[in-house]
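Input: a single structure, listed below in structure tokens.
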Amino acid sequence: MTVGLFVPCYVDQFYPKAAIATLELLEKLGVKVCFPERQTCCGQPMANSGFAHLTQACDELFTKSFADFDYIVCPSGSCALHLKDHLHSSKHPEKAKQIQLKIYELVEFLVDVLKVQDLEARFPYKVGLHQSCHGLRGLKLAQMSELVAPAFSKPLQLLSMVEELEMVTLSRKDECCGFGGTFCVAEEAVSVKMGKDRVADHIANGATYITGVDLSCLMHMEGILKRQGSEVQIIHIAEILNAS
Amino acid sequence: MKVNMVTSRERILKAVKANQPNFVSFADINIPQSTEDLPNKFALALRNVGGNFVELDHLQEVENYINENFKQGGRVLSSIPELLKFNGLDVIDTDPHSLANVELAVLRADIAVAENGACWLPEVNTLQRVLPFIAQHLILLVSIKAFVPTMHQAYEIIGRDAYGYGVFIAGPSKTADIEQSLVLGAHGPRSMTVCLVNEWAT
Amino acid sequence: MKDHSELSAIFNADEQRVNWHDETLWWIRQKRDKAVKTLPEWELLRENASQIKQHTLSNLSAYLEQFEAKALANGVKVHWAANAAEHNEIVLSILKRNGINRMVKSKSMLTEECHLNTFLENNGIEVIDSDLGERIVQLAKEPPSHIVLPCIHKKKEEIGELFHEHLGTPVGEADPQVLTEAARQDLRNVFLTRRAALTGVNFAVAETGEMVICTNEGNADMGAHLADVHIASMGIEKLVPQRRHLGVFLRLLARSATGQPITTYSSHLRTPRSGQQMHIILVDNGRSQQLGRESFRNSLKCIRCGACMNTCPVYRKSGGHSYQYTISGPIGSILAPNLDMKKHADLPFASTLCGSCTNVCPVKIDIHNQLYQWRQELVSAGYVDAKKKWGMKAMSFLFAHPSLFSWAGKVGRRLMTAAPYLFNNKLNPWYNQREMPSAAKQSFREWYKQRAKNES
């Protein structure tokens, strides 16, 4: 099995540690991982702003870079969801369709494909889980609070395998943080207020780290935490699952 | 602006016809419901929406109940022939405005829905459509046969009944429009009591 | 005209008030959760309701004709209005014909959509809204900020002031119980003296020609059953095929709206009462057009419960008035552009696409996907500003060229370290209330290359 690692553009540039942790974690679990060098972005920033028609070149590039892998794994729920829902190639329509079936967000890959039962990880801190919306309601990584359906959570399933980690309970367990792509600047006031309220929930419940499957949300909350001078840090779930 | 109703009707229907998607059918659902303990479930649901629930053995006890629980001397109207003292059958054809001073209406409900505390009154049970709303207080009498688990069973019973008007009532009139503070007695009855009359052959 | 973002910024100037607004609506979302979680069949009901509406929309022209025929046979006068102006003219003509210049009205979002009150007032007709929340916003000369909770943005002290001014309650009186009683006394007199009552319609049944009106206050019934003339305004999408389908919708509506198991009153009106005139106005006003928009037609399934507003964090933290459309929040943002793309181009962007709206919708409208789709259509139609367009073009060019992308990334990160003032300034809306992420010394791709080199 060879996995193509897709590292979202901003993760590559700002949060390489999360990508490194993803790679190391997968390798630790015996997966052969390859990082195609010509990858850039999933196209979501344009598409969510209404410019889906400008993503063709991006889509073609993605299709070309990733078509030959057994699986594609991405440490971002929202990028994975975008590709699953919207990747389209006019040059290689079949290949694009195949990619949509074999692309996974990291957590769902670990749980659903690798069926990870235990991890050698230790993270002796109090952690709050931010349920990024696209991972939650798009990829259904956990049960959504709105539905009348049995509870489950893939991220919590994995985090429960980490030694000495203590999860905190939030008062609003799956409310949006207000990042929302270009929303975070176009609707700055509401975006920041949403972020402040999310961060406050984690802090009030004693978290020292806020984790999640999407660094975009975490980046937004980090910006707020830092401005507040808070000691609370953000950390991608891959870094916890890979921590020792 | 001249309003040409024939034209608008045709324009709307034509546009709808042109724009509606291809015909799709759907399957009705049948959700099995327990019929156990319905009066208690009903009572709980009704109390949760601000209503009262009482059980009386005979229709004759209703008058006592009213005397003990409502202020004396107010105008009381009932559609139930056995409640002779409160007979309101003569208001059926009067001006509904003449009911403005009614203190209490005592009416029969045909169906009591356990899931939500709602009671069904077809027009014939109301004396006047406005009565269950304009009265300061409302008592609905039901027999043990009236209870159903959910709205689905209620509509099965209502069936194709050709009422001119009918209403489900669940509790007293209420509002929470001011800062979500619940206030009973918005425009309609300030209290609503459902009275199960155990030995009532209706 | 200010857009949603600018109005939200103004709303957010008072953070305590935003917290209060947010918490009030979140409480209603929690009540909704509690109510729906008592029904194991909840998801099945939603699916069934969605299918019934899908079917109804697919056969709407026939159902409209069936409804009309039945209503006429029931002794109801049926009118058709292609748009808001026609609707308003019809109401006016009914009132004029009956020599009526004062009317009481219960809650009807359709009449808000048609701006009926202003029209009638300009034509010498006095209209009094009888729903308490609607009455409050009417006295305040504001539009409702929420379709189910019209004055959810108002504090009781502000309502107390309004009532002091208009209803003569004591200065400083802000007890909801006392204020509601004052409104009850005042409006009871209105109900008893108005010869015409206008109501909305929650559901209409094609099979029987009857309509169903749901209220908690009983105001629609007080108005309709005392008036000589009852006018009911309904959108053409309000139909359900058969009476028994009401069971499904009445189980969903109030639980979704407020967490009640059913509204206090669910009134079924089939015929006028003896001696009374009953009119039904069937209003299109853009609905047939929305029916033709494949991506957006199922927005017509909406039963106006308001659950999408209560759950929407953007709505809770920006307030209903920031949407500048009768129906605010997520559902309004997919209905409004249908009527005027240019005017409402900001609304589909007033969302993070978090998807909570879609999950609470009792008729399973895929609201957030439609918001995404509206964005595409609005951009294609040219309703976004040129600056954004060029930015997006530049971005897509960058992402299409991997070597340029890694070069730009490297330069950008170096700049952030060497010249942070380029990013940390007032022109950058990110930086206004958030720190920029720190630039990594090495991108992942640089690290990956180096590792490969080290290993070889």
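Per-chain numbering from 1; labels A, B and C assigned in written order.
The working rule: a residue touches a chain if its C-beta (ideal position, glycine included) is under 8 Å from a C-beta of that chain, and two chains touch if they have at least 3 such contacts.
Since the structure is predicted, the reported quantities are computational estimates derived from the model, not experimental observations.
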item: Centroid-based (C-alpha) most distant chain relative to chain A; value: B
item: Innermost chain, taking as reference the mean of every protein Cα atom displayed; value: C
item: Distance from the mean Cα position of chain C to that of chain A, given in whole angstrom; value: 32
item: Centroid spacing, where centroids are CA-atom means, of chain A and chain B in whole angstrom; value: 52
item: Interchain centroid distance [CA atoms averaged], chain B/chain C, Å; value: 29
item: Where chain C touches two or more other chains, by residue; value: 39
item: Complex interface listing, chain B residues touching chain C; value: 1, 3, 5, 8-9, 11-13, 15-29, 31, 45, 48-49, 96-97, 100, 113, 115-118, 128-130, 132-134, 150-152, 154-156, 158, 160, 162-181, 183, 185-189
item: Complex interface listing, chain A residues touching chain C; value: 7, 9, 11-17, 19-20, 23, 35, 37-41, 43, 45-55, 57-58, 61, 133-134, 137-138, 144-149, 172, 174-176, 178-195, 197, 219-220, 222-224, 226-227
item: Interfacial residue positions of chain C with respect to chain A in the complex; value: 4-5, 8-9, 11-12, 15, 18, 22, 26, 33, 36-37, 39-40, 42-43, 311, 313-314, 317-318, 348-356, 358-360, 372, 375-380, 384, 388-389, 392-393, 395-402, 405, 409, 412-413, 429-430, 432-440, 442-449
item: Complex contact set, residues of chain C against chain B; value: 24, 27-28, 39, 41, 44-45, 48, 51-52, 54-55, 57-61, 64-65, 74, 79-82, 85-86, 89-90, 93, 130-133, 136, 149-152, 155-156, 159, 176-177, 179-181, 184, 187-188, 191-192, 208, 216-219, 221-222, 224-226, 236, 243-244, 246-248, 250-251, 258, 260-273, 282, 284, 288-289, 291-292, 294, 297
